[in-house]
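Some structures to go through are shown next.
Both complexes shown next keep subunit A, but they swap its partner, so subunit B is in the first and subunit C is in the second.
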Partner chain A sequence: MSVTSTDMPAPRPWQRRIVVALAVLAVGHSVVLAFWLSPQSPVRQVIGGRALATYVNPYFEQSWSGLAPNAQFVDESFLVRAQVRDDDAGKNRVTAWVDITAAENDALRHDLDPARTHLMARKLATNLNGAMFGLNAKQRALVRETYTKDPTTLLRGRLLAAGADRRAAVETYMTYDLMATRFASMYAQARVEGRVIAVQYRVGRRTVPPVSEVATSSLRDKDFRWFTFGYRLGYRASFEAQSAFDDYVKD
Partner chain B sequence: MIALAMGWLTREKHSTYGLAVTRMILGFIVASQLLVNWFDRHYTWGDGAVWTQPVRDAKSWPSFLGLFEQLGGVAFDLAYLGTIVFGVLLMIGYRTRGSALVTLFLWMSLYVSSPFVGSGGDAVLRMVLLYLCFTDSGRRWSVDARLGKRRGEIRPLVPEWASSTLHNLATVLIIHQVVMVYVGSAFWKLQSAVWKDGTAVYYPLQTDAYSPWHDLLQPVYAFGPVISGATYTAIVVQLFFPLLLLYRPSRFVALILITGMHLGIGIFMGILYFSLVMIAVDMILVSDRSWLRAEAWVRSRRRVTVDTL
Partner chain C sequence: MIELGHRLIEAPRRWVVAAEEWLLAEPRAIHGAALCRIGTALSVLGLLVANFSSRDVWVGQASIWAQPVRELSQFPELALLDGVSGDILTAFYAVTIAAALAMALGWHTKAANIVTLVGFIAIVAQNPVVGDEGDNLLRITLLWLLLMQTADFWSLDARRRERRVAATDGSVSAMRQAWDGERVFPPWLSAGLHHVGLIGLITQTILLFTAGGLDKVSQGVWQRGTALYSTMQLPEFRPYPGLSDAVSSSSVVLALLTYVVLLTQLFFGPLLLNPITRRIVLFLTIAVNIVLAVLLALPWSSLAFIALTGLFVSGETYERLDEWLRATAAPVGDWLVLRWYDMQDLSAAVLDRTLWAVVDRVRAGASRR
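Here is the complex of A and B:
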């Protein structure tokens, strides 16, 4: 049932103009969103993808893959190990690899509405895997080198020299390299006694075998395809930020 | 035709009961999401999210949404608790329009502070919550409605024709959003081989992250007819959703099927949050007459229970 104002007088001409203007705005907005989500079309080319993006991003941004969770068909993995300085003993040691995504996946099991944070390491792995697929073979070899004394800005220059046509992919990679280094450092620091001086991480991906192989093969039998990165200088977070990691990881 | 459209926009507020249900579920989602994430709040959105700074900076969110990024410690906790409180106020419909605006602001401020914990449900939630601010979603089944009844009618600040126009246009935008999600998603699926051969649902149910009951239900997931049935039902319901809405009995069937699909995705893939957002928005499509009938049924059941006691 609608709320009816039957005794309401018909809108005056100036009121009608405002109503029409509002309706046109709403229709225009709907059309822009529909074109944003539509596949490539002549109309979309006329408007221009960039013009649409300027309007849609960031608030009205949406994509079919984001809205269709059933697009998931891979396991992704994020592992970290660290070089730790024991100041009392005056010695350095290397920790074992810690599979962060495995621990988070355990937390997701038998939970209908899990805490969002359990998908964080997986998303970092997804983005790093994606960034690596954007690099060429020579560039992928370069990221395996260690940058604990030299700054990673040198790595950026070397990546660009190895494939100037992949500037966007290099920038994306460098962004995720920085974030993964920070995340891995804070996570490792929360787990160890001593001071994390360098971290190394690796990311993996394995794809669900075709349904035709259901009787003979399962995803858990499959090996991950790994990308391993060189050591990076450990990131020292603020006391508050490190405490947030300590509380989460130690629980 | 134009006169008819003008009348439709300015004389009546449509879907007032459906919007009330949407409002209640969205308020519940905001409050419950924050409660579910309470113990990890500093790690997820607070000081611990500092490592996401490069991606945060790359997004062009306006600076006034930087509230949670600026806050730490007790101030962060108070803003977080405030978001839960406003989510509850939205749910019960107290000072509804103001509560909707503040909930939207706080929720978005929290959302932008950590780009790695968002999901597809967030995109729909933020758009619908924005449109909801322009509607009169507190007119039915709300504290405001009860107070209004007790207090009597107050002369509204905004003239009725303008308020109705905004309400109805925002309602249309919400419906447009949900229909676009379904139809577009169906077209996307039709381009994919695994959806066409009826096996798509199998794949996420094998992964570690999106199959929380895998250890218990794998025999069901490996059973072909269940997988193809779920896959083809999802495509057909989404593709024909707008057409099914046009005729009352088929609308009923469409809403039951789509709600079932969302519950299935939510329960079996462990993403109930995403599903609840979509279910909340779908509730606008249930006619006010049906909601009133449901209310009458609940009232009669309650009366029977009271009489029996």
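Here is the complex of A and C:
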């Protein structure tokens, strides 16, 4: 079969109709996207947020409310410490707090195309802080408790009992609690001799002073407001995963 | 009255005919599509290269910590890298980098576009924790570019096609054409798909700028022209602290930059309607993205935005630019051709005094031991 690109006959009516139908589909797609991107409104409610989400996910998922550059005000910090078992000596010890975001900040300085791994702890802190805003005061007190013997599924149950109306917020929190525990465990394991048996992390939050104070105050002058979570049972990654993480931390 | 009624009845038919003519005409914006293809592919390439050395922690085995949120993702492409070893990840990553490079060069463009799209999703979606909106933009652009004719200019495919047409009657098998990234569909479908893709990508671009601009204009800090100040104070957005402080120390410069960002996003769509304002908004959008790429360390997403902006530049402008570039580059090419053997001798002499001298010394040291 051969195809040449010249001197083709004029399109037939059915060919024209196919192309117009495809264009109508593209325009219809754009209209759906416009509704997806629009703020909450009665018109959007008629279509239904769930129906729109089903349509756009995953390939056309997007949100341009934070289209770069967006105004951001919050600096976050993620610190970790660990209970480490020294099997030779048969003793447990607690490490000092390690500020992972400080290490990330050093790596970001003078780097025009930073690796995304330099944002891991910061993003975890951002998401944990966001998840905490979804919890009520009683639930926020519960996440300060230690879960090194009981599984964190107990924590989920207790959080739901403390605020059944916040199921989505609890699920979001539990997802980030699990990720932060894994990340903190792998990071601590990469830095210590011995076996990490439990980890504790805390997140800091401070806001940029207003521009009117530019002459007298800067972000560096502001103190973090800390929130310390309870100890969690240490996560043991596979040998390959931990080795790769070790290489990253030690670099 | 009857005449008016007749015209009203006829109007939809005329619109359909006009739409058909528009859709089935010779492909439009092929220079812009080519530039968009190059910029998008380079953006993917840059992102992947910048993260290559930390790929295991970003998206590989050591990213197991991000698995809980990864499991919420609906991309079927994630299965391609599910639980794979570091070596397989490296191979997959390298293939995606090669595909993005091929796409930028326009080498087997359509195949490269498909591999880049699948590879990009499979890699980047592994770790949504550190993802950003630029990822969504790149994915959607790569999707729409699949429908478009992006290799008609500034591509190795175009050069190969020109040579083939010059050497033969230009008639080859459809399979060969498909592999070479040429048009395999009949011209009506090829042009139609290109224009459908163009409609999709252009409306997507206008929607994202409008949505971003509307969100910004509702915030007081954007209205007061101080929005970028706080962002530039945050460690992740101040790669060069001296530069950030210099910009934010001048309230006038800060406000100008803030308003240009706000206005170019908010009015991007309407300003495209007039040739003069279109040039202004495109120039400002490109300039602002270059500034922000440096100021906020956002090079790859800025490049993706610039690539999209290129879609709206007219073919005449590209042709003038192309001629100017060729005229400017020609003396450099001639200079190199004339002195090619001199350059070879010079590089050999430099290597003799540097690399080979060190190699000899190492080898001599090793043999003594």
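We take it that the second predicted complex is superposed on the first by the 237 of 251 C-alpha atoms of A that agree within 3 Å, B and C clash if a C-alpha of one lies under 4 Å from a C-alpha of the other, contacts with A are read in each partner's own complex, and residues count from 1 in each chain.
Operating definition for what follows: a contact is a pair of C-beta atoms (placed from the backbone, for glycine too) under 8 Å apart; a residue touches a chain by one contact, two chains touch by 3 or more.
Just so it is clear, the structure is predicted and the values come from calculations on it, not from any experiment.
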Subunit A as common anchor, with subunit B and subunit C clashing or fitting: clash
First, second, both or neither for A:182, with subunit B first and subunit C second: both
Contacts of A:37 with subunit B and subunit C, given as first, second, both or neither: both
Which superposed partner A:18 touches (first subunit B, second subunit C, both, neither): both
Which of subunit B and subunit C A:146 touches, first, second, both or neither: neither
Which of subunit B and subunit C A:228 touches, first, second, both or neither: neither
Which superposed partner A:217 touches (first subunit B, second subunit C, both, neither): neither
Footprint overlap on subunit A, comparing subunit B with subunit C: 1-6, 8, 11, 15-16, 18-19, 22-23, 26, 29-30, 33-34, 37-38, 57-62, 64-75, 101, 105, 108-117, 119-120, 122-124, 175, 178-179, 182-183, 186, 208, 211, 214, 218-219, 235, 237-238, 240-241, 244-245, 247-248
Subunit B residues within the subunit A interface of the complex: 5-6, 9-17, 32-33, 36-37, 39-40, 42-44, 46-48, 50-55, 58-61, 72-73, 116-117, 119-120, 123-124, 126-127, 130, 136, 139, 160-162, 164-166, 169, 172-173, 176-177, 180-181, 184-185, 187-189, 191, 194, 199-204, 206-210, 212-213, 215, 222, 224, 227, 234, 265-267, 269-274, 288-289, 292
Residue numbers on subunit C that touch subunit A, as the complex places them: 16, 19-20, 23-24, 46, 50-51, 53-54, 56-58, 60-62, 64-69, 72-75, 85-86, 125, 127, 129-134, 136-137, 139-140, 143, 169-174, 177, 182-184, 186-189, 192-193, 195-197, 199-200, 203-204, 207-209, 211-213, 215-216, 219, 221-222, 226-231, 233-237, 239-241, 248-249, 251, 254, 261, 265, 292-294, 296-302
Complex interface listing, subunit A residues touching subunit B: 1-6, 8, 11, 15-16, 18-19, 22-23, 26, 29-30, 33-34, 37-39, 57-62, 64-76, 101-102, 105, 108-117, 119-120, 122-124, 175, 178-179, 182-183, 186, 208, 211, 214-215, 218-219, 235, 237-238, 240-241, 243-245, 247-248, 251
Residues of subunit A touching subunit C in the complex: 1-6, 8, 11, 15-16, 18-20, 22-23, 25-27, 29-30, 33-34, 37-38, 57-75, 101, 105, 108-117, 119-120, 122-124, 127, 175, 178-179, 182-183, 186, 208, 211, 214, 218-219, 235, 237-238, 240-242, 244-245, 247-248
